[in-house]
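Okay, so chain A shows up in both of these, paired with chain B first and chain C after.
Our next item is the complex of A and B:
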């Protein structure tokens, strides 16, 4: 008895006290995804509009955005993170992760937004212009409400994808769910339980969003 | 900017990177093939299976779609160690990608199955085909035609996802790049070249898929 009490314990098991730590890490995941999804979506809609409206934009901007969709996110993150010290500006992992995820989101959303604009029938837009609406009024009051509904399912797919891909920012050292799981695994040596719990956290973030949008989509279809 | 780019180590390592790119492609194609088979099975289980099969397939699909691919790889890599299963890095990547691909493809296939009119099935049965013949010769070829474009997309994703192998010690394109970069301290140069490799790989897959589609779907 006295022997076991005197030995130093290197690994302490997983306990309920670790859950707040995981919740905090989930907050980190949520923060970085919300920032990059919201800014990325706005940028993506603008890019999508440009892709739709101008032929030059389609060639130049389209091929630039294509690069972000054809190179793995982890390579983009490492490249960007290693590029700024070269310029002499060291970058926080959070800032680097935010910037890369934002650009990545905007590249994905641009295609979705372009598809959304194309989904609005040409005749409807001609009708709105004939009624005396300006180009921007037509965009704001006709194309946007219809196009947004058309692009909702694809946009949700992108948003959920980015939420899950934000796990890769752990490589740069930003504390989010996956990084927290690595820290806890190192301490507790219980990878199975911890990965399952972290998986449950991700599931709890991602699953409801997918279900709610599916419901919304169905309701909008029968309007 | 007081950083000098050194490209010589990268140029010397190009053959290694090329071989690593082939490994990436191999892992992606294998995981895709396994993913298609399991995905088809899962889709049919969700559509026609009994209660247990439906629950099994649904749990698989939702887990694959709602957790990060990296977490799935870690699960196969480190999580299974709890049961005494130690997979090699290649197997980790293969299992992880196949699990993920199967989940995503199952949903595509399910949509494809639902899009085939019931009359096709009835007509084939009327002509004297058995149920398995109907599926193998009438329904599934049409489903593949419908989901061909999403499948191409998934193939591209598989190539991009295989880059996560780097974090479980698999020496594919990213892993090899990471290894060489840390040997020579030329991180930026190496990762830039790796990015170019991935870009070319993805474009090549898209072109190949386009050419293949013209041969496959002539009717």
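Our next item is the complex of A and C:
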């Protein structure tokens, strides 16, 4: 009986052939995360320094960053992505995702960095200034290395959070892990196995970050 | 020469220094004693511009410290300072703690800075700790490290701000011995201290601070053994 052969097949099962597709999507997640975490962290450190150094920055910049910290990321993404076409400037989902995630990361890192700078005792800075170091030499050779050690654990938390939050960029149609999984689930109707695999991919991306920073933390321990 | 001319310093409404006049000649050791809050530490901070002043003038080798045109970073090379908290840089080895400023401030090469650091660390008795990290050392050792770090800039003057106050009693001696060593080297020093006996034995003169003014200034032995002012007598009878 060949009745099933004549039926149109809507759903096809999950197969190994889908793994390259998922791997490509993982690449998408990795790319957007690396870009936004690295640029966002650099910006965040600058913002954190501004928050620390200037009262005006604390009011103005601090309030702006608070908005980005407080409004759900998915809303920020949708607002930003849909705002530019209104102005007549088309924006790729990838670009929109990168920008929003970068700003979001910088808002989180700014507070972490401010805390890191504050972890350096005032008397330590007086000591370095008394040796004739300029403000920036003190920042570069004393405050930064000590502050960076202090902020590393909190920064790791931010980085891992952003990596996972990058899943939200899927709402813009950018092909990353979550979006890929949705496409595959629709086709295969096998959410359990696909989500498990995607979870494993996220783990594979996150684990090295945790591992590397843990090792760095150990190497940076004062001994 | 360090010269203070009617120096006024306030924190908000609180007047901490009230018209201080003082001269410290090259080669002299001046100790400054007095109760906490009498302004003695603040005076040190004003001398190397870590604090601003509201009135008067401070001249170091004729340079007006608080003049807007003065390059304080350059001036501070001439004035070493050691604090109550030793403030070792925890991320650097003992050697690098001392060699950092000569490299980045004076522009010395790494080799030059290291040999300079080694010389000064040996001088304060830390020759066997060069590669150690400060957190592995006692407070007394870290304080001697701080002294070596300041000396490596080869300053003309050294300011000491209660350098033994945060130390365990058994560690005070080694730091005071290091100061004696500097005195023998002929270093010009202003030493804010609560160690009256040390001040008497080591300094040329002692200034007694009371509520922001120099109540009495006299040769060290005279001030301790034979104080003229009543407040000095009261203070000394309490601490000796």
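Going forward, the second predicted complex is superposed on the first by the 205 of 223 C-alpha atoms of A that agree within 3 Å, B and C clash if a C-alpha of one lies under 4 Å from a C-alpha of the other, contacts with A are read in each partner's own complex, and residues count from 1 in each chain.
Keep in mind that, in the parts below, a contact is a pair of C-beta atoms (placed from the backbone, for glycine too) under 8 Å apart; a residue touches a chain by one contact, two chains touch by 3 or more.
A quick note: this is a predicted structure, and the numbers were derived from the prediction, not measured.
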More chain A residues in contact - chain B or chain C: B
Partner chain(s) touched by A:149 [first = chain B, second = chain C, both, neither]: second
Contacts of A:199 with chain B and chain C, given as first, second, both or neither: first
Which of chain B and chain C A:141 touches, first, second, both or neither: second
Partner chain(s) touched by A:118 [first = chain B, second = chain C, both, neither]: neither
First, second, both or neither for A:133, with chain B first and chain C second: second
For the chain A and chain C complex, residues of the former touching the latter: 121, 123-124, 126-134, 137, 141-142, 145-146, 149, 220, 222-223
Contacting residues of chain A [partner chain B, same complex]: 67, 70-76, 78-79, 82-83, 86-88, 160, 164-165, 167-168, 170-171, 178, 181, 185, 190-193, 195-196, 198-199, 202-203, 206-207, 210
Residues of chain B defined as touching chain A within the complex: 1-3, 62-63, 65-71, 74-75, 78-83, 156, 160-161, 163-164, 166-167, 174, 177, 187-188, 191-192, 194-195, 198-199, 202-203
Complex interface listing, chain C residues touching chain A: 45, 48, 50, 73-74, 76-77, 79-81, 83, 85, 87, 89-91, 100-101, 104-106, 133-136, 146, 149-150, 153
